[in-house]
Amino acid sequence: MRELISTFKNLPRHFKTALQNLIRNNVMSFSSIFAVTITLAMIGIVGLVAFNVQDISSSIEDEISIYVKLDRTIDDAQAEAVGTQILALDNIANVEYSSKSAELDRLIESQGEAGAALFESYREDNPLGAAYTVTVTNPDLIGQTAQKITAIEDVNTVDYGGDSTTDLIKTLNTVRNGGTIFVVALGVIALFMIANTVKITIDTRKTEISIMRMVGASNWYIRIPFMLEGMLIGLVGAILPCVMLFYGYDYIYKITNGMVVTQMLSLVEPGAVIVQLVQALVGLGAGVGIIGSFISIRRYLKF
Amino acid sequence: MIRLENVSKTYNRGIRALNNVSLTIDSGEFVYVIGTTGSGKSTFIKLLYREIKPTTGIVEVVGLDVAKIPNRKVPYFRRNIGVVFQDFRLLPTKTVFENVAYALEVIDTPRHEIRKQVRQTLDLVGLGEKINAFPHELSGGQQQRVAIARAIVNNPKLLIADEPTGNLDPDTSVEIIELLEKINQSGTTVLVVTHDREVVQSNKKRTIVIDNGYIDSDTSTGGYGI
Amino acid sequence: MRELISTFKNLPRHFKTALQNLIRNNVMSFSSIFAVTITLAMIGIVGLVAFNVQDISSSIEDEISIYVKLDRTIDDAQAEAVGTQILALDNIANVEYSSKSAELDRLIESQGEAGAALFESYREDNPLGAAYTVTVTNPDLIGQTAQKITAIEDVNTVDYGGDSTTDLIKTLNTVRNGGTIFVVALGVIALFMIANTVKITIDTRKTEISIMRMVGASNWYIRIPFMLEGMLIGLVGAILPCVMLFYGYDYIYKITNGMVVTQMLSLVEPGAVIVQLVQALVGLGAGVGIIGSFISIRRYLKF
Amino acid sequence: MIRLENVSKTYNRGIRALNNVSLTIDSGEFVYVIGTTGSGKSTFIKLLYREIKPTTGIVEVVGLDVAKIPNRKVPYFRRNIGVVFQDFRLLPTKTVFENVAYALEVIDTPRHEIRKQVRQTLDLVGLGEKINAFPHELSGGQQQRVAIARAIVNNPKLLIADEPTGNLDPDTSVEIIELLEKINQSGTTVLVVTHDREVVQSNKKRTIVIDNGYIDSDTSTGGYGI
């Protein structure tokens, strides 16, 4: 208790000590900061890529829809009724109507140059039914939803791409989950890296620590400056990666107009994402620095 | 102040540095410890401030059984003791001033107090003008005097000095010994390990002679001086 | 020269010294090896993922094809002539013929349940032309190839998905190039990491180095054991990641039967890839260890 | 063997440790360097084996202008000189044997030669049984004797010893000084920095007194002894 009060009272002095050590051990400090910098840069880059992969995969999912063909014998009111019933189901995001003649247009168009010659004659007595294009909120359940729609009266066929779409969705999920695991794994590795660097930095100063204890410094009195030093190393090490991410991504976003080659690979807007990432990096750097110091110094506070 | 009871210290590989040592040193005494090189003098004093623990036997300092102090409490125990290490042990990234001040900072001495006392002590050991130098910028004797200053700056109850004059010329040595005596007169128990025959002979004090891990003689218990 | 000969003659002794130092500085050595281990593990994982992404993207490209519809008035011989002409073009990998009636089957099938009712009547006087499905060797040039096919006589329409396919191809290229840049960047970062660790390890021993020079050890005499030590750190650090990759990937490949969820995401076979990766990791570990030591020790051989 | 011409050494912050020193020491001489602490003795000898370079003036050792030796060649130059450092400078991860052997290994001495000579030398300084100990397992005086053994093991042309008896008891000190004399008699030039008045007085040799960076007296040029 007395120790704790003394610790807080001495915070300014500890901070000064931490800063001094950082400057006076310049070679070592530089190496540690460098290690933190490249580790955080790595986390930053991987994080950004992951964000974008997530984003792209959701936008691909957004394009997935169920194509519902209605019986061609029903009238407009009945067709509308089907639309209402679909909307009433779970997992429906949006429903778009396409009339009989719009469907014929589509068919003709799909047959290319020959289309008009082939099918224009059907215009009078359209053999096609009207259709709905249905988008869902949770693509994982698209199969079930399609089945429910099939059960609705006056619905002729329901098409969502079947297995190939479920496969695509599963694939996207795998990519996303794999990506998350990958980022987390890299993150953990990187944090070990920082903690290890801090550990080495402290190892080189074990004599110093033992001298401090010899002279009567309590464990917290010794620990705090080291932890603050770890924090400073983390913070200073975070500067470059943060600046790089902030301006670098902005720059890439600007010169590509927000897309990589095509609309299909559109980039996440810089703003919020970058701010989040920067916060994460600064937090990680400082946090791991502090905790790493705390843990590493432990073994030297025993003699 | 200090009580050893049947203390032995065996390092690994079976090196017996101290054998069944028993002695008592009272508060306020001034004691020399002498002996040939490798006889166990440093081992003896390392036991006192708990750099090492005895293999067998009991070491009691300032009323505490040294081996039983929990690790966390060791620094508090050490605040009672000022130690001049044979190998100095200065903090390499701190200046002379900061090294000496550190012993005061850890016991929460107010800043102006620290400044005053550190300056005084450095003047006392004759290092007033080296206040901002780093240890590696000092000569051997200067480093030794910084170590002395650090040991005495917080007025410890017990002052232990391992060869405090090994790197000093005869004149400076005499000054340092006189300083230790003055500190002793103000009530501090002082224990000095030395090879300096002149020093021991010119100041007739209690002298413990260690030889090959045994107490060979102790003038207070009817042994013989050199 | 004399120095060099002496160096080689002393290699066994230097090696013993390196090994001794590794063991006697156990805490430091452990930290360095740990740093190398996690760095190489990272490179290994990223490398494997990259290999698989490359592989998957090429297999997606393999599926891309040009759909060539012929005039419906031509006879079989003429159709065959078109096929021969297509095959004669550059960039053609494969050409597959689909007869008029096969085309009608396809149309009927595409219209679902209503298909037969709608179009079966056309069977007698088939209004559709025959078609070729053409796959290309270099998808990047698919647009040009399609254009050349259009120019062939008796070809009615040519469809390769137009912009959306070119977009897909560009996207896949971007993913591949981006992936390569990413892997290389991470690799470089990781190597810096190892070099930095070795640097820190050496920094902590600068007094030792200066003592060696004091006692008359030539620069090479000092350097070699440090370089060997760096190599050992690299090699020992590579063991775990290599074992992990070797057995880990094999395991994943076995439990997934070589595919992640769907055929679309099939995994590269373990064998050769893993052997290459392991070689790369071992080489990197040892190489960076040696070179890192060489460079780091430089500045301490001056006093 | 050694020639200094108007040598001055100023450390950073303007600390003048040596002022315009000129002297010559011939091959085969035995010279004591004495002076109060911080007077510049270590600075003087650091100039000789090129731990530092002079600010002005010329230092010539074994016929070479020390400041002009390229960095790469410095170790070869140092093979002519055995140095006992004031702070020992033993390699912490090498045993006593390995520390001493190192000075022979670097000059490609055959292995059986090394073993023989190292053992002999360690016996000579009285450390025969500590052969496999690490420096941190030794007492101060034992470390000092390892440093001496390392300095003399390769029979250097010039032997420089900075306080070789600072951590030794009087009897061991005498033995070490006798050892240095024996080495001197076999032709090696010996330069000893010491505070030990007894040593200097009992062996009447050329004595250089340094005071505050100046040569205060030099018995060979008609100065006075202590």
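Labels for the chains are A, B, C and D, by order of writing; each one numbers its residues from 1.
The working rule: a residue touches a chain if its C-beta (ideal position, glycine included) is under 8 Å from a C-beta of that chain, and two chains touch if they have at least 3 such contacts.
Quick caveat: nothing in here was measured; it's all calculated off a predicted structure.
Across the assembly, the mean Cα position most removed from that of subunit B is the one of C. Measuring from the averaged C-alpha position of subunit B to that of subunit C gives a distance of 66 Å.
Between the CA-based centres of subunit B and subunit D the separation comes to 29 Å, rounded to the whole angstrom. Rounded to a whole number, the gap between the C-alpha centres of subunit A and subunit C is 23 angstrom. Multi-chain contact residues of subunit C (touching two or more other chains) are absent.
Judged by the touch criterion defined above, the protein chains form a single closed ring in which each chain touches exactly two others.
Touching pairs of chains, sorted by label, consist of A-B, A-C, B-D, C-D. Those residues of subunit B that touch subunit D in the complex are listed here as 11, 13, 15, 34-38, 41-42, 86-87, 133, 137-142, 145, 162-163, 166-173, 195, 197-198.
Contact residues of subunit A toward subunit B in the complex are 6, 9-10, 13, 20-21, 24-25, 207-208, 211-219, 221, 301-303. Residue ranges of subunit D in contact with subunit C, taken from their complex: 49, 51, 71-72, 74-76, 78-79, 83, 85, 89-93, 102-103, 105-108, 150, 154.
Looking at the complex, you find that subunit C touches subunit A at residues 27-28, 31-32, 34-35, 38-39, 41-42, 45-46, 49, 69, 72, 112-114, 117-118, 127-129, 156-157, 159, 167-168, 170-171, 173-175, 178, 182, 185-186, 189-190, 192-193, 196-197, 199-201, 203-204, 260-265.
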